[in-house]
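The structure is given below, and queries will be raised subsequently.
Note that the chains take the letters A, B, C, D and E in the order they are written out, and that residue 1 is the start of every chain.
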Amino acid sequence: MTMKSEPFVVNVGPQHPSTHGVFRLRLTMDGEKIVDAEMVVGYLHRSMEKLAEGRTYTQNIPFTDRLDYLSAMSNNLAYCMAVEKLAGIDVPERGQFLRVIMAEFQRIANHAMAIASFAMECGVWFTPLMWMFREREKILDLFEMTCGARLTTNYVRIGGVSFDIPPEFMPAARALLKEMPERIAEYEALLMENEIILARSRDVGVLQPDLAIASSASGPVLRGSGVMWDIRKADPYAAYDRLEFDIPVGTCGDCYDRFLVRMEELRQSVRILEQALDMLPDGPASVNVPLALRPPAGEAYARIEAPKGELGFYLVSDGSPHPHRFHIRSPSYINLTPLRDMVVGLTVPDAVITLGSIDIVLGEVDR
Amino acid sequence: MSQLLDGLEIGERIGKRIPEAVVEATPQWVVVHPQKLVEVATYLRDDSELNFRFLSGVTAVDHLDHFEVVYHLQSFSPNHMLTLKTRALDHDNPEVPSLVSVWRGAELQEREAYDLMGVRFAGHPDLRRVFLWEGFPGHPLRKDWLEMPGGLSPGLGRFPRED
Amino acid sequence: MSVELGHYLMVGAILFSIGLYVALAKRNAVGILMGIELMFNAVNLTLISFSRFVSPPTDVSGHVFVVFVITVAAAEAALALALAVVVYRNRETIDIDRINLMRW
Amino acid sequence: MDDVGSVVAFWMLSVMTLGAAVMVVAVRNLIYAVLFLILSFIGVAGLYLTLSADFVAIAQVLIYAGAVSVLILFAVLLTPRAARDNAETFLQVPGLVLATLVAVTIGAIALVTDWNEATRGAFPETAGAIGEALLDKYVLPFEIASVILLAAMIGAIVLVRED
Amino acid sequence: MIFLAEWWDLRDLGNPVGKLLELLGDHGPDWLPYAVSAIVGSITIVVFLLVSLLAFAWVERRLLGRMQARLGPNRVGPWGVFQSIADAIKFVTKEAITSRNVDRWMFWAAPVLVAVPVLVVFAVLPFGEGMVLADLNVGVLFVIAVGSVTAIPIFMAGWSSNNKFSLLGAMREVAMLISYELPQVLALLGVVVFAGTMRMNGIVGWQDEHNTWLIFLQPLAVLIYLIAGTVEINRTPTDIAEAESEIVAGYHTEYSGIKFGMFWLTEYFAGFAIAAIIATVYLGGWTLWGLEEWVPGWIIFLAKLYGLFWLFIWMRGTLPRLRIDQLMGFAWKFLLPLALINIFVAGLEVLIWRENDLAAEAVLPGFAIANLVLAGVLIVAWARFLGRARPSWRPARARLVKELGAVVYGQEG
């Protein structure tokens, strides 16, 4: 409107149904259009990096569970990889495969949650959420079977994993994998061909590939923009170099592409899991590591393709049992860098969908 | 497999293009002079052979007498990594140039480093605290920050409120 | 006790004069529009009561008139509000005292 | 119009209509004024019902209470908060005098004139009769009214269109 | 059949009331039957609505639970049937917060007023033969007029809350109601053209007399009215006025306790009202091709009403929400032209029928088939005409790449 209207500030959050936690988005509006967006975070800041400097390397593993509390296994894995790199520890083959299995199950659980909450943002009244929770629940049951915890697993340890899988794990996992393709087809039937979802999410929140790369986006956000980049392929860790899978990439970089990429990653994870369960070798699952590990002075940066993007741990050791510096490169936080460019010019409903398609977890944003 | 580039070799290349930029080079990393940082970063990004288009991470490390800002660079094609560092020698008032103009991805990460470490990034478009609120005493990730100064204890009521 | 034509006409007259006062004295352009609407209503009420009390029951001319008046009033309201918006856009006020575009 | 119900209904509706109209004048907040205006419209619709003009009453509710008032509400909200007062201009006293004079004159004429009250029978069903009258006797005004509506619509759109 | 039409004949609940009124008319003042019939009618409608509400608050949650692979309420009473009563108690006993900066009068008036229009709608709807509180001869128009007034209390609620989300929600709701009124009116007009009356009972009688339901003659209008009705009752896919993911809870963000309860129950009442209107106007009301002789008409009517409400629940469990501009565009660009075409065709058909004095049995089936075909063709054609074709270069699924190729990114594919 050429009408001189007062700029209108809408605070989405810190307590808002669609921010997945305590996240605040200050939107300056001109009528229904967003002219400026500013994110305010820190409501869940626990100063994990400082706390970790006072604890030993092993004691820090539980902290990582609380980062992205929807994918604790991946966080454990990234941290333990960093410590192993720092201390030069080799993990036995079975441990590597168990890590892949757990990480991929965690990816399915996380993407189920991400897709479901994206659909919730689009206004579906809980149906996809509940459907996806059904499978997520079974995956959490598998975790419980293995390590006794469902969310904050603390399962991957320095030098391997904390427990070998119990005998009932294999049949349960195989049964789940057998029904997963059918379930994924159900989700696709419910969501992918839905005209309203198409209308809501296509050409909304477009992230150009150049901007995506320049602003350090990673994970499905980067791949949704059409960038073929996946650390599992680019810098294979654990046992990924022995497994066969494809990388889904989007075409336009809009919300719908990010959603499609996640949807396809569900299928690819099932594929990886089937291979990994078949190839799971015998032998020890972990090596013994002293409780008060003293890595030599130096630094290490290890990264994995966590469900939300590139999760990296940068550790600096001064030879003591505590890390000198413990830095988390958290994908949720860094994926928010292009948020402003994505939402300016949209309306509030589109901004909410865009935020939902980035898939943040506030525990990881604030740390 | 992502290849970690040899810091010595890269340091040599940087030194050829931009003299006096490299302070120290080891096989793991290259340390450049803060004054030349933006120039070096632009070179690393735009050089067709190096092609470091992706800034993976930015963080600062408190080495008790000085601060070190660490940049993890990633190139998609060819697939290789580099650890770039720069040092802010003034421990009380560290300042390095901001790389937001080179990589947009540095924006939030530099804000985080400023908030928690107190490293000022000169030229950053919006250098404010991000996790802690304006008025928080000090920068808690510094090694000399041991507790809340002045007998303060955590809790919002004791601190100046935002705006 | 019964209700006669005169009662309705009195209600109409009072409503009309309230509308007239609003239209004359209010400062806000939207307020003036409200006064005009009130006057329309008063006229309509009078028309309907004449139709009820004076004209024969088969003749609905009064009702038809009211339908026309409502039509025109709706059109008028839409236009007047559009005008108010335009005036506000150009002058940044809809205060009648300060809209003096046509002063000499 | 002698039965108790009609009399009670007439007095209640009259008081409601006029009271709401007075409140339109009296309240300071323009949004309250609009809401009282709606109440007044509904009162008039009720008066139509006591005059057994059901079609017109429903049309009144539909168009005045449902559409015109909402239009006015939107217009009020499109103006800034400061312009939402309901104050009077310097014409307050002259307006009051003139309005009183008009009321007295009309009232006097209404009471003095012999209106030749022919019939007092209620219409059996007005909707059909109005429809037939509109398409028979009043077909030309009907068409003109529709043209006016079209013109008003186009005019309003052109006026507020941004270009 | 001597007991028929006696006061114990429950096929028509009007019988006992009629007897009572007769009794009162014989012995009391002449205004007493009017007053008593009004009171009895109102109380019956309110009781019916409240009972339906309590039932459907539970049914909806159980049904949604079933759709969503979970159980739904199952703790309070057998299968959780008392859940809605527990909820009602909770609504009443919870604190009704009035925040400091609200406009107190309007804030309290809005939840009271919001239920009035939907309650009033039921006055003209026949629950059975003669079971109608006020058989207005402009019943169809009345329903629409009253529906349009709903916008006012919602606006009051949103504006008085002094909350941006509330105001946004209220503005959205008002814009939505205004836009969807037009297709609604035009959809109901097709019915009036066929039935030749706006009296609800007359429309039901017409359908009974011609042994057809208007849904067959006006398939397009039913669809349009159903969609427009969904908008009016504020449930997904059109609950954008209280879209919880965008504007928290829209116009009732600031409401709590029983005041929120009023909005909540109004939502249900409006759902019942829309379902009842569709059942009356398009589905033959309390008639079922002769079965009403044996089954009480009001049971047939309620069965249709609840069946339609089930449709709303189903939609809620399945569809995502539209954006406001998409929803408005849908009304103006899709529903309105189709409704205009529909009313034109209906007028033409009635003209052919009446002018040539054709037999209804011969004409109506033909019209039904023609209109069904027309509706299908129109919907598809108009959707094609309006809908941007899906871009062909855009795959329906994510592209899969095996390796990280030399070309890192690009939209060439």
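Here is the rule we go by: contacts are C-beta pairs under 8 Å (C-beta built on N, C-alpha and C of every residue); 3 or more make two chains touch, one makes a residue touch a chain.
Predicted model, so just to flag it, every value in this text is computed and none were measured.
Highest inter-chain contact count (C-beta pairs) belongs to C-D. Compared with chain E, the chain whose C-alpha mean position is the greatest distance off is B. With centres defined as mean CA coordinates, chain E is found 60 Å away from chain B. With each centre defined as the average position of its C-alpha atoms, the distance from chain C to chain E rounds to 34 Å. If you average the CA atoms of chain A and of chain E, the two centres end up 43 Å from each other.
In this assembly, the C-alpha centroid of chain A lies 63 Å from the C-alpha centroid of chain C.
Taken residue by residue, chain D touches two or more other chains at 55, 59, 67, 74, 78, whereas all remaining positions touch fewer. Shared contact sites, meaning residues of chain E that touch two or more other chains, fall at 404, 408-409.
The set of chain B residues that touch two or more partner chains comprises 76, 79. On the side of chain C, the complex with chain D involves touching residues 1-22, 24-28, 30-31, 33-34, 37-38, 41, 44-45, 48-58, 60-61, 63-64, 66-68, 70-79, 81-86, 88, 93-97. Every residue of chain A that touches chain B in the complex is listed here, in rising order: 41-42, 45, 47, 49-50, 211, 213-217, 227, 229, 231, 234-236, 241, 299, 301, 303, 310, 312, 314, 316, 324-325, 327, 329, 333-334, 336-338, 366-367.
Every residue of chain D that touches chain C in the complex is listed here, in rising order: 1-2, 6-7, 10, 14, 17-18, 21-22, 24-25, 30, 33-34, 37, 40-41, 44, 47-48, 50-53, 55-56, 59-60, 63-64, 67-68, 71-72, 74-76, 78-79, 83-92, 94-96, 98-100, 102-103, 106-107, 110-111, 115-124, 126, 129-130, 133-134, 137-138, 141, 145, 148-149, 151-153, 155-157, 159-160.
Against chain E, the residues of chain A that register as touching in their complex are 8, 10, 16-18, 32, 119-127, 129-131, 134, 190, 192, 194, 196-197, 199-200, 209, 213, 225-230, 233-234, 246-252, 257, 260-261, 263-264, 347-350, 352, 356.
In the complex of the two chains, the chain E residues touching chain D come out as 31, 34, 106, 136-138, 141-142, 144-146, 148-149, 151-152, 155-156, 159, 171, 174, 178, 181, 198.
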